[in-house]
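There are two complexes below, and they share chain A, which is joined by chain B in the first and by chain C in the second.
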Partner chain A sequence: MSDVTIDGWSCPLPLRDHPNVVMGHGGGGKLSAELVEHLFVPAFGASSPDASSDAAVVAGGDRIVVSTDTFVVRPRFFPGGNIGELAVNGTINDVAMRGARPLYLSVAFILEEGLPMSELGLIAESMGAAAEGAGVRIVTGDTKVVDRGHGDGVYINTTGIGVLDEGVDIGPDRVEAGDAVIVSGTIGDHGMAIMSVREGLEFEAAIESDTAPLHGLVAALLDAGVDVHALRDPTRGGLASSLNEIAVTAGVGVVVEELALPVERAVQSACEMLGLDPFYVANEGKLVAFVPADHAGVALGVMRSHPLGANAVIIGECVPNHPGMVVARTAIGSTRVVDTQIGEQLPRIC
Partner chain B sequence: MKYLDEFRDPVLAKNLFAEISASATQPWVLMEVCGGQTHSIIRNGIDKLLDDAIELVHGPGCPVCVTPLDTIDRALAIAAKDDVIFCSFGDMLRVPGSQNDLFQVKSQGGDVRIVYSPFDAFTIAKENPDREVVFFGIGFETTAPANAMSVYQAKKHGLTNFSMLVSHVLVPPAIEAIASSPVNRVQGFLAAGHVCSVMGYEAYYPIAEKFNIPIVVTGFEPIDVLDGIRLTVKQLEEGRGEVENAYPRAVTREGNPEAQKMIEDVFQVTDRNWRGIGMIPRSGWELSERYRDFDAAERFTVTDINTQESPLCRSGEVLQGLIKPNECEAFGKECTPRKPLGATMVSSEGACAAYYTYGRLIELEAATS
Partner chain C sequence: MSDVTIDGWSCPLPLRDHPNVVMGHGGGGKLSAELVEHLFVPAFGASSPDASSDAAVVAGGDRIVVSTDTFVVRPRFFPGGNIGELAVNGTINDVAMRGARPLYLSVAFILEEGLPMSELGLIAESMGAAAEGAGVRIVTGDTKVVDRGHGDGVYINTTGIGVLDEGVDIGPDRVEAGDAVIVSGTIGDHGMAIMSVREGLEFEAAIESDTAPLHGLVAALLDAGVDVHALRDPTRGGLASSLNEIAVTAGVGVVVEELALPVERAVQSACEMLGLDPFYVANEGKLVAFVPADHAGVALGVMRSHPLGANAVIIGECVPNHPGMVVARTAIGSTRVVDTQIGEQLPRIC
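For the complex of A and B:
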C-alpha cells in the first residue's frame, strides 16, 4: 500500500481519479488501500489508526466496556452535524453511559457505489475532529462498497472501547425507589432537526441536532463523588423509551413532572404542528441520570456547570408503586401513562 | 408559547374542574366527537381528572378509526401496485386491513410514503411523471379543503398521474345518527372545533332542537376542552339543549366560506360506511363529477377485495359509548395495542388502547399498595 503516491489526494479534495466511490474501493485492492491512505488516514488526523495491520493492539485495564452501534441516518448532513460525527459521538455515549472512559473506536463503512468522494471526505474529516475533540482514537476500520441502489450512500458502524475505573458501578439494576431523575438538557432537538430537513419540511426557526460526546459530563459527575445509579442517552424512542427501559429493568415506577421537561421553543412548535410528542423524539447529546435523592442537588450543580448540562433539570423520581411503568403528572395536574411506542412515532392526521 | 400556554394553565384548569364537579348533579355522559380532542383528553389526563363526575365517551371522530375496511383494503391493493407511489398521512399506516397494513405493503416492496399534506403528494406526482401517485384522502371536514385544493390544482395543471382515494366523512350526520339510536347513552356533544372552523356550526341547530341535546363547539387545548365540558354540563343541569360556541377564537357561525366553496366544487355528498358503525346516509364526500378522473377507486381496478372484519371486535359499540372497552370479550386477550383487531386499539388514544394502558396502571398500583 505504501507505493501509492498521489499528490493532493487528501480530504476535503476529492480523490483525483475518482470523484465518486466505485465498487473497487471496497475490493481490498489498490483502490481500497488508496482510500484508506489518502482519505481516511488524513481525515481522521491525530486520532487515525495504524492502517498497516488487520487489528490494533491497545492498552486497557481490568474492566473493559465495549459497545457497538450502526448509523444509517438520512439525510447524511443535517443542521448541527452529519452521520460521521453522529457515529463517533453516539458510540462514545453508549460507552460513557456505563461510566467508562471511552478510549478507542473502530469504524466500518458500508458505502454505496457512486457516493461523491467529497462527501465521504467531509464525513471522515468530521469523524476525525469529533474523535480528537473527545480524546478518543480510531484504532481500526473497514470499508465495503455495495452496488448502486443497494445502499443509502453511507452506513457507518462504530464500536467503542472504554475503561471502567475502580469503584464505578453504573447500571439499571442499581436504580431504586426514591432515586431522582435528572435530564441534562432540552429534549427532542436531534429528532426534530432531522425531521426539519427530511421530506422537505421547513420550519421558520432553525433546529439543530444536539449531537455531542457525553463522557466529559459523566466524568464530572463521578469526579464530584455522585453515586450515579444509572445513565441512559435517550436516542431513538426519546426520553420516554429510556425511562421505560429503566423502569422495567429496575422494577421501579417512574413519575415525571411534565412541566419540568425542558423543550426548546422551536422544537415544541414543530412537535405541536406535526402532532408529535417531544418525549418520544430522539436526542444525541443528552443523558438522563438516576441518582440517590440526597445526591440530586450536587449532581444538578455539577451538570449545570458543565457546558453540555447547562439546562439540566430534575424531572421526576422513582417510586415503589406501578413498577415497570412511567407516569407523567400533566400540566393541568392530572396523570397519564407514558408508554413505550409500538413502532415509530407517526405524525397524526387529527 | 402564545395561544398554547394560556390554554394549558393549571390554575384555570383546576377552577374549571371545580366548577364542573360542583355543578354536575349526576355523571352526565358526554361525547367528544373529534379524535384531536380525545388525544388532548388522554394526553392531559382530563378523563382521570373528571373521573366520577362526568363520563366521557370517545366518539367516532378519528378518521383513522372510522375509515371503512373495504377502503383500507382497496388502499392496500393500490399501494401494492408496481407503478404506484402511495402517499398517506402517517397514522394510517398501522391501521389493520383484512390481511395486513400499509407498513407491511411497504416492506413487501410497495412504494408507500408518509406525507404531511396532500400537496406533498401533488409535488411527488409532478416530480415522477412516469409513476401513478395516489393520495389517501381521508379525514373530516377539517382536512377536506386542502385535499380539495390539491385535486383542483392537479386538474388545473393537467397532472394526469395524480389521483385520490377519497374516504371523507362528515360530523353532523354522525352526531345525528348517534343521537337517534334507540340505545343511545350520550347526553351532550362536544362538537369538533376545527371541523366547525371550516364549516361553521349552522348545521347543528336542527340536531340540537330535534333531540333537545346540547352541542358545544369545543377546541383542543385542555382549557378549551374543560370549558366545553363546563358549558355542556351547565346546559344539561338547566335542562337546555342548545348549540353554543366555546371556541370563538377559531370558529364563527358561518365558518370559512372560501374553503367551503373549494369543497363544494371538488366534492359531493354521498352515503358513507363508517367502520364499526355502519352506513350513515349522506355522511361522506366523494369527488364530484367534474373531478371524477382523479378518483383512484375508478382509476385502479381492484377486484379481489374480500373484507373480513374480526368477528370478535366490538369497536363500533365502543365508538358509540354503548360498551366500555373491557366489556369486549377480546379486550386484552386476542386484541392488544401490539396486535389490534380494531382501529380503537391502534392509536394510543383510541378508546381501547387508552383503556388498556390505564388498566395496567390501576392493576399495578393495586398490587403494590
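For the complex of A and C:
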C-alpha cells in the first residue's frame, strides 16, 4: 500500500463490525447488501447504480461500443492514482478509442478475504469521483469474495458502454500510407510510476501515473472535423505494441523518429536504471492518433490546446513499404526494427 | 478438478511450448496475441470477437440492459457444467430477468500463473458452445495473468448486453399484492451439485448443476402475452433471498407453501446431510416469476411446455400484510419467517 493513509476513511456505522472483508460480504445475503448500501452507493455518489436489480436498463443508440478490462495492478495505490481510478479511466479510454461517447460502466470486484474495509472505501470513492468527473454512470455491479491466498486484495473489472454518433468511423482498417502518427504527450509515465514504487526508486521529482479519461480529447478532435483514422491508448506493451498492432492490422509500415518521442526526464532516468525502453512502458492517459497528413496540423493544434494533449507531437508517419513493421530512425541516423515484445516487461502494471 | 479429463483437449501448435499459463500470456505482447488467436478465437467459434481492437462496435437499441457478474466457483468443473458455461449462462440470465433479449457478452479472464492450458481450452470451448447455443455473441474480451498464489486457476467476468423491446417493463416495482409467485422448476440443484463434489458425497444419482440460459423461457412468457411483473433467477442466497429482495423492494408480503417447493430427492437428502435448507441454496437455471393472479394459469402452462420449465409450479402469492417479509406455511400448518441469511451458506458457489 506504499504511503497511503487509509485511516482517514470513515467507515459507515453499519459496517463497523467488520473492519476487514469477510467471505459473507460476497454471499448475496445481508452482509452483501450492507456493503452495497453503505459503502458502494455512497462512494459512487451521483453515478451510483440502482441496487434493486442485477441488471440496469439504460438508454441506448443505433451503434454502441463495448469494452471490458480487468485491473490487477500492484501496488493498488501508487503516485498519481489507485486501482479504482485506473479501472474507471482505463475502460473509458478503450471505449473512446473507437470514437464513442462513454456513458455507462459496470463494475465487478473480486475481494480477498481480509481486505481492510477502509481501503475498499477509498478505492470506491476514487471510482465514484472518476466516473462523475468523466460524466459516466456506474449502472450495475457485482462483488465476489475469495478466500485468503486466492486473490490479492482487490481486482476490479469494468465494462464500458458508449454510443457512437452517426458518421464516426475510427478503426485500424482506415489507416493508410501517408497518415501522420501523433502522440498526445509523454510516454512511459504510468509504468514507471508503478515500477518506481515497486523497486523503491527515489528521484528528485516523483514519477506520477498519467491516468486520465481521454474521451474529451477525442471529442475535441472530432468536433474540429479531424478525419481521425485510428486511435489507440498505449497501455500494456506501451506505444511500441500499439504501433505494431495498427501496422499489422492496416497492412502499412510505420516509421517513427526516435528523437521525437516525448519522455519525461525522470521517466528516462528510471528506465535507464532498470534497463527498460520507454517505448514499451505502459501509459494510462495518452493516445496515439493516425490522421491524414493534411489534417495533422489541425489535429496537433487541437490536442495542444487541450489539457491532456499539451505535449502532443507528431512522431512519425505510415509508409507503403515494410507493411506490418514498425521502424525507428535513431539519433545517429540509423534505423532499428521496433518489434512487439514476447511476454511482459512489467507484470501487473494495470 | 474432480473427475474431468483435460488430456482430451488438443493444444494448438503455436501454444505447445507453454502447457501452462505464464505471466507473459497477460502481457499484451506476442504471447497474449497467440493466446487470443489460437485458443480463444477458435474456442469461441462463430461467436468470437474481433481481436483487432480493445472495444467492439455493435448494433444497439433504444433501451439496452446491462449486467455484470464474476464467476469464482470452486471446483471449476462440476457435475453438469463448468465455470465457463456458468459464466455465459449466468449473465444471460441476469439480462433476461429484465425481459431483454441478450445479444452480446464481454468476457474477461483472470488466470493464475501455472493454469494448465488444456483446462483453459476446455473452459473456453464450453463458453463458445454456450454462447452459440444461446444465440449470444462474445464481442470483446480481456485476459490478465496473476502470479501463482494470487488467484485460483481462473476467474471469469462476463458482462451482458441486451435490447429491451418496446412495451416490456419488468421490475420489482411492478409487483403488487395478489400476484402469484411461480418457480420454473426444482430448487437447490446447482448449489448441491457443487457441495456434493466438495464434500465427496455419493448418491444413487449424481446431483447435476441446472446451469442453463433462461432467455427463451422469458421470451415464451412475453410472447404468450403474460403481463410479467418481476423475474429473478435465484442464484447466491437461493430462492429465499430472491423472494426477500422482491418483498422489500415492492413493499409487499410474500406467502409461500413450503410443501409446494419442488426439490429433487437427492438434493433434499444432500441438504439434510449437510444441514442446509434448499430454500437458501443457489440455482443457475431456474427463475421465479411474479404475475397477476389472472395470468398465473397461462404463465404456468407456457412454462410447463418449455423444456426449462417442465416442473414449474405456483408456490405462493403476494399479500398486503407484513410488507417486506416472506413467510412459509409449513407442512404442519404453522408459519415461519423466511429471512435473508446474514452471510454466505456456501462460499464460492458461482
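Note that in this section the second predicted complex is superposed on the first by the 325 of 350 C-alpha atoms of A that agree within 3 Å, B and C clash if a C-alpha of one lies under 4 Å from a C-alpha of the other, contacts with A are read in each partner's own complex, and residues count from 1 in each chain.
As a working rule, a residue touches a chain if its C-beta (ideal position, glycine included) is under 8 Å from a C-beta of that chain, and two chains touch if they have at least 3 such contacts.
Quantities reported herein were computed from a predicted structural model and do not represent experimental measurements.
Between chain B and chain C, it is C that contacts the larger number of residues in chain A. Judged by the touch definition given at the top, the superposed model places A:Val197 against neither chain B nor chain C. Of the two partner chains placed by superposition, only chain B is touched by A:Gly333; chain C is not.
Within the superposed three-chain model, A:Arg98 lies in touch with chain C and out of touch with chain B [touch as defined at top]. By the document's definition of touching, of the two partners only chain C reaches A:Ala59; chain B does not.
Of the two partner chains placed around the shared chain by superposition, neither chain B nor chain C is touched by A:Val298. Applying the stated contact rule after C-alpha superposition, one finds that A:Pro347 touches each of chain B and chain C. Legend: residue contacts after superposition of the two complexes on their common chain; A:Val107 is shown touching chain C, with no touch to chain B. Once both structures are placed on chain A, chain A residues 341-343, 347-348 are touched by chain B and, in the other complex, by chain C. Interface residues of chain C facing chain A in the complex, by the touch rule stated above, are 22-33, 52-72, 94-95, 97-98, 100, 104, 106-110, 139-142, 144-147, 149-152, 155, 157, 159-161, 163-164, 171-173, 235-237, 241, 245, 249, 340-345, 347-348. Per the touch definition, chain B reaches chain A in the complex via residues 1, 4, 8, 10, 13-14, 34-36, 39, 42-46, 48-49, 61-64, 89-94, 103, 114-116, 120, 123, 138-140, 142-143, 222, 226, 337-338, 347-348, 357-358, 360-361, 364-365, 368-369. In the complex of the two chains, the chain A residues touching chain B come out as 199-201, 253, 259, 265, 268-269, 272, 274-275, 277, 320-325, 327, 330-337, 339, 341-343, 346-350.
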